[in-house]
């Protein structure tokens, strides 16, 4: 094995091994567990940064393992996987810190953190997957590793949510498997090569390929919560806040969105998709999802539920960007939103978790005046919310800007219209929260004040949202710099030759 | 023992003789039964490894018992599929042996009923050894009547094992099991009679070379198939399986579900695609496929509605056996090479996963005193490894990557799509989804730890109760990753396979 | 030839009769006996297979060996089945005879 | 380092400090240093003042890493706007410091105040589309904190309305920027020259910046917000931030370099309507802040008209630009001085002295174009512009302007009346307030006379006929006011204006509530599982049936026959 292959393996192992060890650790050794977790995640970030550098310098590495003809496991480091891997690993570190703070004194932590680490391993696996089979492998394992986290609370409600999650996710997985096998039967092995299969298949198998594309999108669309397939996401909100953050920002929804990106860019390729003429379909679904999610979010009083519907809406920006794959600008917008949405949404969930954990606030109607009690948390929340609305200089604006430009470049006015309407709707459901929290008056005591101390809440709960909020701001302000997500996405788009 | 060189065919007698002797010894010496059995199982495992080595180096081998040549003598032979089945039996058997030790010693620890449990243990070991000998004989036999004898051997010992627990329900179930297995054997025997009348030989190789496909042979095949189907518990003849498997002792359930049904299926498959390939017709293949599809769905739906863990696992066996039959109609395009790999993978993965699952069910039963699914919460606190094993075995049953079942399902799907028979693919997918539902119905209960559950495990809880299950589950999970090796073994000694991978195996 | 056919047909009829009893009657003993009848039927056909008219060559020994083996197997299985049937009736109050019949008989005797 | 390099670094630093100082101070408000910040509040605007007076013109500093390519620099227009804004912010921060000395939410207020200040300065310096948009957004959203500061229900309502409209404006602007970027392919504001605008883009720009100046369809926030905000904040809203809208138009539709007759007509029409409409609704208000807001709507309508005239063609654009700036300067100074006067009244807690009344009347009537005031100069310039355009536009100066002037003077008298009759409790910082008012009064009175660019108009305004022309609308307004007072004292004109306010807001709330009600209905148990449950008994029964011996026998036979049949 070359050192590059070792790098890939050690990236996976850096969270897998801690996860396994954590399972074996007794419940009460929480210090050791925390140290293990933090070391693992820091090491992972370091390794991934090394990988990023080398990818940037033009190296590539892959591990290939043929199981049977047609079923090959392929790990591959390319710029796109570096993007997702970096995002996941950085957010994992923060989420770990947050989860340690969040679950202080609660039972079953070793179990939780074990699955937590496995979940991230699998997510990185999705990022590094080099063909559809490997992607499928990790995609299914993601469902498995997140399920215990979703039902961590163990209540009837969480079990029901978990059941729904499983049904949705595995149905999606089954459809995906079906489509993958079918695709391989038609066009042969599907490595993520950057160009897609040969255009000659389009002439001969166009109907079948369209059908397979739809099936593939359904398969990943379940996790990406595209509209008719989104039902599990709001229910999964019963999980603890770090899990919600993980589901929405780092792992599950992102994995779905990443799958859409892979399918569009690497499996089919822009040219083939244009020839097949299926992109309007994707665009339509994305549009409906964006608007539907926003409207439903407006209806919610539960804070986390509102955030969940907001995720449904926001993740479809990525799909929207992919549906304009022939426009480099839209592509940039869609790809960079993968990172941006993650940052913003994780901030919001951290803050929602802080409110719940510190003051027992779960509903928006209880939030009146909460910013006076928890100013830093709410400041972070506000930045996240502004990002969601797309107000400069947050990162949300950057995504929308590129998406809009791409839409115009493609001559699609409706894209701009969708963005505008969605921004307005986002404002409708976020700004009232902010005004209520900042300028409302506290009405009676907090539902359940759990923490009274020097800071507004536990330090480990406070720092992660502040960091992510800072990144949301900073990544927008320095969007044009050499090392911003935007710069990396531009690099990706260059690599794809667009 | 000078004549036992590495290339001596006589090695293949050992898998039959060793357990047989061990069984006798167990019967005679009731003290050290476990040691004897363990030694036999270990030796069996080693010999099987040696046989595989032989196969890889020298190719397929034949052993003519007592020096009598066919058609008069009885011969044994090794080839890829047979050895893989032997390996499956050896590995699963080893784990089950260890588990059974833990199981019985835990039960014997229970003072009020120690005597009964001791008696059960005393009968368990010889019977299990007998069964193992029968199974090994079945896989190695190259003589169609000899196979009948091994089938009866298996039937007798399996039925007695199933009755071992002493509960009325289990005795009733095992009585029924015995009758069904008798009916199956007799039907099979009737088939042999027809076959013998038309061909006049019993040796499988000779039968294969005769390639006679007159009506006698066809009738014989039909009769033998029905007999074997009865023993394999294919829908709609599955009714005897769930009660027999669910009411037996846990190690016995594991043996029955993982190994015994596979034996008869192995024969069926071998007859259809190796011995009498010229006899089979497309409608017949489709008919088998339809039955398999029905079994998948019916078994899964029944498993979903069960309230008891062991019954659920048993019904899951009914469902999983269906997959083996889905492979039949795909023979039209792929020939037997791909088919063998599908069914072998399915069988290997299923036997490991299912025995692990029954072990888990047994451990949980020992721990809680019941296996009602809705009262299972809290088990994870005391039995984390067991629960983990259940989860992994469940993943394997659902056919998620990278389990062996996934590889099998992948091949099923790709064959069915390549031959434009997508409906089989749909059945396979929906079967997996239903499997997900029943697996996770239990899983979700396992995960919940209600307030106030103690973390102290009962004192004599032997690691033998937990680790074999985990090991088997892990094997079934990672079988997919080592898929090239079984495929390599499979390709040895079978010309059809070598042709289908012209560039050599990966 | 006729002889062979006759024997074989008889064997088949025996098999069918056994099958019928096995299916229709619920008493365990009857079932065991039915299985025995079935196996006898099969053996009969097997023996008939070996039959060759006098002077037309050697008698095929293989079916005989098979029948002998079969009888041995059948005996042992019958033994096991009998034990099981006994145990079933011992340990359970559940009668394998149809319950209603027995209770009816008991009633009659009581009356 | 070479000296040009050093110089450009110096420029970059200087320009960054303009917006950076208030921003940093806002950040410090969140630290224990907040006391110091409160003391140093007025100094936040000083770098801006210094830069405006000393920095070289037309130096553009590129900051490529900043927000997708940042560019900043100062041009002539920018310098005027910066000077004006910095001056008003400077005064307002003095006023705010003394007003909020003992206020609970002082820090809160200062954060928003400083952030809005930074946004306002930043947008003036921005030379890129996105930079402008960024600072515009920062300013707009920070101003929400100013509007809502008092925490009363009214303030909350005004804030909601403000926020809604700001959001609409933001989105319109965002869309407009996208289309502009798409058509020009560049982010630099200089490249806006010569672009042909899609009518939709024009409309979007009109809305986007129009929100800030209270252009007609999106004016609703102004009156409640000006009234609800603390007076120093209202002063900057009316005197400084309002100009951001005008500057936006100037930047994105550079007069003299672009033209769009249709767009021009749109602007003129909307502006003219607003000029009249502002007066009409202003007369109904009974609070001084609200009246001033309506006057702003009206005055901004006039400015919109000027802008529209400039858009008609290139030639007109070149002439309109200086007039526009002149008018803006005049209006800002006058309006802020009025607000400071209002502030003085509030703080004194009693009605003004005669001297103060007179002093207040001067900027008030200057808005109406009273001779010798800056208003007269601005109006003269306006008339000059309309005159040069010729044709129908000439009638504009002859007919329309006097009418609006009359209306404005009517409104201003109304303002004085309202002010005299308003009751207030009195606040601290009376002296400061007096000084501030005095400074602003002086500035409003003399700036235009001293300003070189306004010299021609200034001299024109003193010519005899012009003098008379300017005087009669004021007199007419005075008369009208007297008549109107007579009428309105009998009928209650101050009717249910409160209810009508925020109609938009109520619609939004109703819709939201409706949706939430529906959601509650949706949150019922899913029926799928229960219907699946019903399947269980038949399943159990059929499984049992399949286990009966007879059924088994039948299926065994069937299987045998089937296989025999299929194989044979």
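So that you can tell them apart, the chains are marked A, B, C and D in the order they are listed, and the count of residues begins at 1 in each.
Convention: contacts are C-beta pairs under 8 Å (C-beta built on N, C-alpha and C of every residue); 3 or more make two chains touch, one makes a residue touch a chain.
All values derive from a computational prediction rather than experimental measurement.
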Shared touching partners of subunit A and subunit B are D
If you tally C-beta contacts across B-D and across C-D, the winner is B-D
Taking each chain's centre as the mean of its CA atoms, subunit A sits from subunit C at a distance in Å of 68
Cα centroid separation, subunit B vs subunit D, in Å, comes to 79
Averaging C-alpha coordinates per chain, one finds the centres of subunit C and subunit D separated by a number of Å equal to 101
Taking each chain's mean CA coordinate, subunit A and subunit D are separated, in whole Å, by 37
Among subunit C residues, those touching two or more other chains are 19, 22
The positions of subunit D in contact with two or more other chains are 552
Per the touch rule above, subunit D residues touching subunit A in the complex are 30, 64-70, 130, 133-134, 137-138, 141, 144-145, 148, 151, 156, 159-160, 163, 167-168, 170-172, 174-175, 178-179, 181-182, 508, 512, 515-516, 518-519
As the complex stands, subunit D meets subunit C at residues 549-550, 552-553
Per the touch rule, the subunit C residues reaching subunit B in their complex are 15, 19, 22, 28, 31-32, 35, 38-39, 42, 45-46, 49, 60, 62-63, 66, 69-70, 73, 76-77, 80-81, 84-85, 87-88, 91-92, 94
As the complex stands, subunit A meets subunit D at residues 295-296, 298-301, 375, 386, 389-393, 398, 400-401, 404-405, 408-409, 416, 419-420, 423-424, 427-428, 431, 435, 438-439, 441, 476-482, 486
Given the complex, residues on subunit C that touch subunit D span 19, 22-24, 26
